[in-house]
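These are the structures in question, set out in turn.
Next come two complexes, and both contain subunit A; in the first it sits with subunit B, in the second with subunit C.
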Partner chain A sequence: MTRSRILSRLTPYLFLIVPLVIYLIWIIGPTFYTFYLSLTDWDGLSTPNFIGWRNYLKLFRDPVFYTSLKNNLKWVVSFITIPVAAGLALAMALNRNIPGEKIIKASLYSPMVLSLVVGGLMWSWMYHPASGLINSMLRLVGLDVLAQGWLSDKNLVMWAIIIVAIWRQVGYVMVLYLAGLQSIDPSLVDASKVDGASGWQTFQHVIFPLLAPVTVIVVVVSIIDSLRAFDLVSVMTRGGPYNSSSVLANFMYIEAFNNYKMGYGAAIATILFLISLVFIFIYLWRILQTEMEY
Partner chain B sequence: MTAKKFFSSPRRVLGYAALVMVTILWLVPVFSALITAFRTNDDILLNGFWSLPRQLGLASFKDAWDRGGLSRYLPNSFIITLPALILTLFLSSLSAYALARFRFRGNRLIFFLYVGGMMLPFQVLMLPVFRLTDALGLYDTYWGLIAFHTAFQLGFCTFLLRNYMRTVPGEILEAARIDGCGEFRAWWQIMMPLTLPAIAAVATLEFTWIFNDYLWAIVLLRSDKLKPVTAGLAALQGQYVMDWTVITAGALLASVPTVLVFIFLQRYFIEGLTLGATK
Partner chain C sequence: MKRISFTLLAIVTMLGILIACGPTTVTVEVPVEQTVEVPVEQTVEVPVEMTVEVPGEVVEKSILIYNSMHGDPLPREADEELVQMFEEEYPNVDVVHSIVAHEDFKQAIRAYLTASTPPDVMTWFAGNRARFFIDKGLIMDISDVWEQEGWNEDYAKGFRALSSVDDKQYFVPTSWYWWAVYYRPSIFEQYGLEPPQTWDEFLQVCETLKQNGVTPITIGTKYRWTAAAWFDYFNMRVNGPEFHINLMLGTESYTDPRVKTIFTDYWAPLIENEYFIEDAAAYSWQEGLQFMIDGDAAMYLMGDFIRDSFPDELEDDLDFFQFPIIDPSVPIGEDAPTDGYFIAANAQQPEEAKAFLAFLGSVEMQQYFAEKLGRLSTHNEVDISVFSAQQQKGIEMMQTADYVAQFYDRDTTPEMADEGMNGFMEFWDDPVSIDDILARLEQTRQEIFESE
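Up next is the complex of A and B:
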């Protein structure tokens, strides 16, 4: 092989070497290292000792783990239903020129631009038991009985937080569906109308099936986002009262960084990772399919 | 369509009314914060949220800025966000070019590593990254946080830029190569200018994401004087637990940079989101 051929074969690796090495060291490597740490009793200071599966055995007997798991499940189920339906409905409504379209869209997108910390604080204030907007409003119209300690009632708190996440997610789903709607061939919609289909029938049998690829991505991304949920819980309740709003990400953070049980935290992280992995693979598989179409 | 034609049927009018209701409902949290931040705490506690303000003023904003520390936290956010943004865009445009332009062993595997990595739950990275920054002497410095953001955002940026670069016709680059143009020059002088729309979209999104990060700021920083505005606000909440006028004022001030970016670059922001999910 001539010198220039070797050089041209090396070219892609020359472009890749710096970013890829950084990525392997900071992102890919740590994923495996966390699994190793989960088999140790590391406390953040001393050298980790190997203790086998003990962290996992302890985890599977920990009631907070099951509370967190259940809360993540509530989050996932809410996320793949409400924002998806609302985002799709809004996208359908806004997929034509209507008066004030720009202002309406910008308002619905706006929560995405605010940080979760800001969103969490704004809503914490709305939920404030004595002076917040919601309870004040209820008392003003004489519905005192409905005024609640939204973030202090252990049956309500998780839903109160999930509402904030939904408030933020709807705009995102809407963006994706609007892009999907734009890529639909209008002649297909026209053809179905010529055939006498009603608006709802056209949606059900033509538009919605054509949006299937978008729906798959939206659902997968929503699930992964729900498993990542941390900021809102951390800012609004820190998982309280009595762990009733704990989610896996928050549970892991508290065990590792507040209780210095880093090995135990690593075990929680590993479980969270394994659950996510299923959906990461679905996502990759989807991408592989679109790659094949090239 | 004219407004008159649009509102031709009662169903349309009803639908539109519902849409406007939803829009207003969506802005309620922001209104609630705005109404609060300009009032005084005593006024709200004594007269209730739904009372006419006795006086309006900027005192809460001044409090959040000076005593609350936003005058430090906000610049910190920029000190962390801007270098991370530039580094990650630069590095990911290199890897995206390699993956989009060349056929070689491991191309798809590397691409999938980037895409898979961008979807990882952060908790699985937290402890090793914490240990790594500690070992490198970067714990509790701006650079630790900058390094992590740069590395993590490589996944999404590479994914998006690589997809975009694949749509650039190969003939352009082929012609340049025949003219004796080296690959690095082809990347910088031909591919990069053609990729600018995608880079603008990614940059807008990434600015917002890195600026709004909270988790990594509390994991990799301890000193109050280094904290970005997200972590600063959370600290402010602990400090002013009884005074929501200051907290809401702080939250509003903290949002000014990303809101401005959104107002001026909304098109790129939305483009970035769609490019990321529909390819």
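Up next is the complex of A and C:
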């Protein structure tokens, strides 16, 4: 092998060294360190003592862990159904030249531009039981019975927060699908029309299958978004009343930074990470399969 | 090609998300509000006669970092003014002052204290919550400041004890406040009510108010600690302060029948009779106060800082009474949390920090706090004639107390307090589940206090 060939083989790695080192130091290292911490009783101040799997054993007996897990699950299920369906429907409806289409698109996307914290605060005011927009409107039209303590009722609170997340997510999904629709070859759609397919048939058999890669992305992004849900809960309820709106990320935060049980918090983080990892592997596996087809 | 670019986009997004949800990268968002530093302009009058002006040495300004948790409007104003006054007195010190919201500060303090360059001076709570850090060696011994400033004589013994561990001082207690039941005298007058002194009288007042369409008691329990005040008072009034503090220290059990009594016999009837405001868990304590300001609710069990958030124009229509006596044979305990300042053990500017503390604890600054905020001073020399009749009443109430507690989440460990306050909220929602709740609290108590 000549020197220049060796060099040309090495070049990509040389370029990769810097990002890889940064990645190792800032991402991989701390990830393993978190795992190590989860096996200790660290309180953030003292020297960590190794305590084996005690944090995990405690976690699996902790009812708040199961409440949080269930809430994350509610979040995932709502997220892969409602915003995906609504986003797709909106994309289909707006993927044509109708007057004001740009303004509608922009306004549907605008919640995404707001920070989650702002959205959460805004909705908290709307949910205010005595003088919030929602209850005031309900009372105005005589539906007093429907006026609720949205964020103080343990059965409603999680859904009240998920609605805010959905409100924000719909526009994002719509934009992803709009981009996907742009990439569909119009001649395929035309061909189906020539063959006499109805609008619904065209959608079912031509457009939707062609959108499959986008759908995969949307679903995986939605799942991961719902697993890392934190901001809205933190701003709107801090997981209250008594943990009924707790999600894993929020549970971890409260245990680690409020109760100063860093070790226990790290154990929660590790479990959350493992759950996320499952979906990431499914996703990567799919990507690799698609690549093979080319 | 489009597909590939989508894949690429997706991978990038994935990595971003993965990074964002990685366990170690949860960033603690602490809204830090930097106060604007007004450079003190020193106008130097140069005498005309002076012919040669020797260019003065450029004095390097030292930077003192001060983090405080005085987020409410009036305390914030006072806090900013005191920094300015300090800078005027010590022109060579530049104070970098950050005000962090109360709840966030409590969470951030461990990160501050363990940093290699911690903030030099910080606000904190006296008693157990400071003791915890002192035991870990994170707070600087300032016995020399106490000695030099003559504070050993100037501060009452109780406050000195609160600031000391093994007879060394670590803390400057600068203010304290009492808890009491605050009420709107105008509403009481309207229905011919008198401030109740016994439990029966209190229930009577609640009933009358409710009959007249006024919510007797307002409360905002979103952050839970407001409910802990009710627990503190029930426990101290029914079971006595000694039992209460032992429960806080983990030497009494939550499954003790005496604990259950306060929930079933005293707290539950208030909830079941709908004496508390509806949907309390949706409100912060300030939002809960709004009902009282609007005249929809009449009473609020709260610390004296309630006056900071009460509108000025209604100030005369806010008074308080001592939490009613339930069992006259039980010694009287009151909640009176004490706040103050300390220096981080690793402070970069220990000399300036000590000067700042000496300044804060001086009789002049204590007097300033007393006048500006109406806070009760810990300093003996402060002229208490500046206090209103109401405050004199509060001081008297505290002087007759047999025992002074700090507060539920200050007297017990943070973890126990967290579990306890969740328990109170669950009880509030579902009073019949009290046995389960107390069993769980007892389990937590054993895990925390018996592992030590």
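We adopt the following convention: the second predicted complex is superposed on the first by the 266 of 294 C-alpha atoms of A that agree within 3 Å, B and C clash if a C-alpha of one lies under 4 Å from a C-alpha of the other, contacts with A are read in each partner's own complex, and residues count from 1 in each chain.
The definition used in the following text is that contacts are C-beta pairs under 8 Å (C-beta built on N, C-alpha and C of every residue); 3 or more make two chains touch, one makes a residue touch a chain.
This is a predicted model, so every value here is computed, not measured.
Of the two partner chains placed by the overlay, subunit B and subunit C both lie in contact with A:Ala266. In the overlay built on the shared chain, the residue A:Thr202 is in contact with neither subunit B nor subunit C.
Of the two partner chains, both subunit B and subunit C are touched by A:Val221.
Looking at the shared chain after the overlay, A:Ser192 reaches neither subunit B nor subunit C. When both complexes are overlaid on chain A, the residue A:Ser78 reaches neither subunit B nor subunit C.
Of the two partners, subunit B and subunit C, it is B that touches more residues of subunit A. Of the two partner chains placed by superposition, only subunit B is touched by A:Ala93; subunit C is not.
Residue contacts after overlaying the shared chain place A:Phe15 against subunit B, while subunit C stays out of touching range. Shared-chain residue A:Thr34: touches subunit B and subunit C both.
Of the two partner chains placed by superposition, only subunit C is touched by A:Asn258; subunit B is not. Residue overlap on subunit A between the subunit B contacts of one complex and the subunit C contacts of the other covers 27, 30-31, 33-34, 117, 128, 130, 180, 183, 213-214, 217, 221, 224, 227-228, 230, 249, 252-253, 257, 266, 269-270, 272-273, 276, 280, 283, 287, 290-291, 294. Interface of subunit B with subunit A (complex): residues 1, 3, 6, 15-16, 19-20, 22-23, 26-30, 32-33, 36, 44-45, 48-50, 91-92, 94-95, 97-99, 101-102, 104, 107-108, 110, 112-117, 119-129, 132, 147-148, 150-152, 154-155, 158, 166, 183, 187, 208, 211-215, 219, 230, 233-234, 237, 244, 247-248, 251, 254-255, 258-259, 261-262, 266, 269-270, 273-274, 277-279. By the touch rule above, subunit A contacts subunit C in their complex via residues 27, 30-31, 33-34, 44-46, 117, 127-130, 149-154, 180, 183, 213-214, 217, 220-221, 224-225, 227-228, 230, 237-238, 240-243, 249, 252-254, 257-261, 266, 269-270, 272-273, 276, 280, 283, 287, 290-291, 294. Here subunit C touches subunit A in the complex through residues 2-4, 6-7, 9-11, 13-14, 17-26, 28-29, 106-107, 110-111, 113-114, 133, 136, 138, 221-224, 278-282, 287, 291, 414-415, 418, 422-423, 425-426, 428-429, going by the rule given at the top.
Every residue of subunit A that touches subunit B in the complex is listed here, in rising order: 9, 11-13, 15-16, 18-20, 22-23, 25-31, 33-34, 37, 42, 90, 93-94, 96-100, 103-104, 106-111, 113-119, 121-126, 128, 130-133, 136-137, 140, 167, 170, 172, 175-176, 179-180, 183, 213-214, 217-218, 221, 224, 227-228, 230-231, 234-235, 248-249, 252-253, 256-257, 262, 265-266, 268-270, 272-273, 276, 279-280, 283-284, 287, 290-291, 294.
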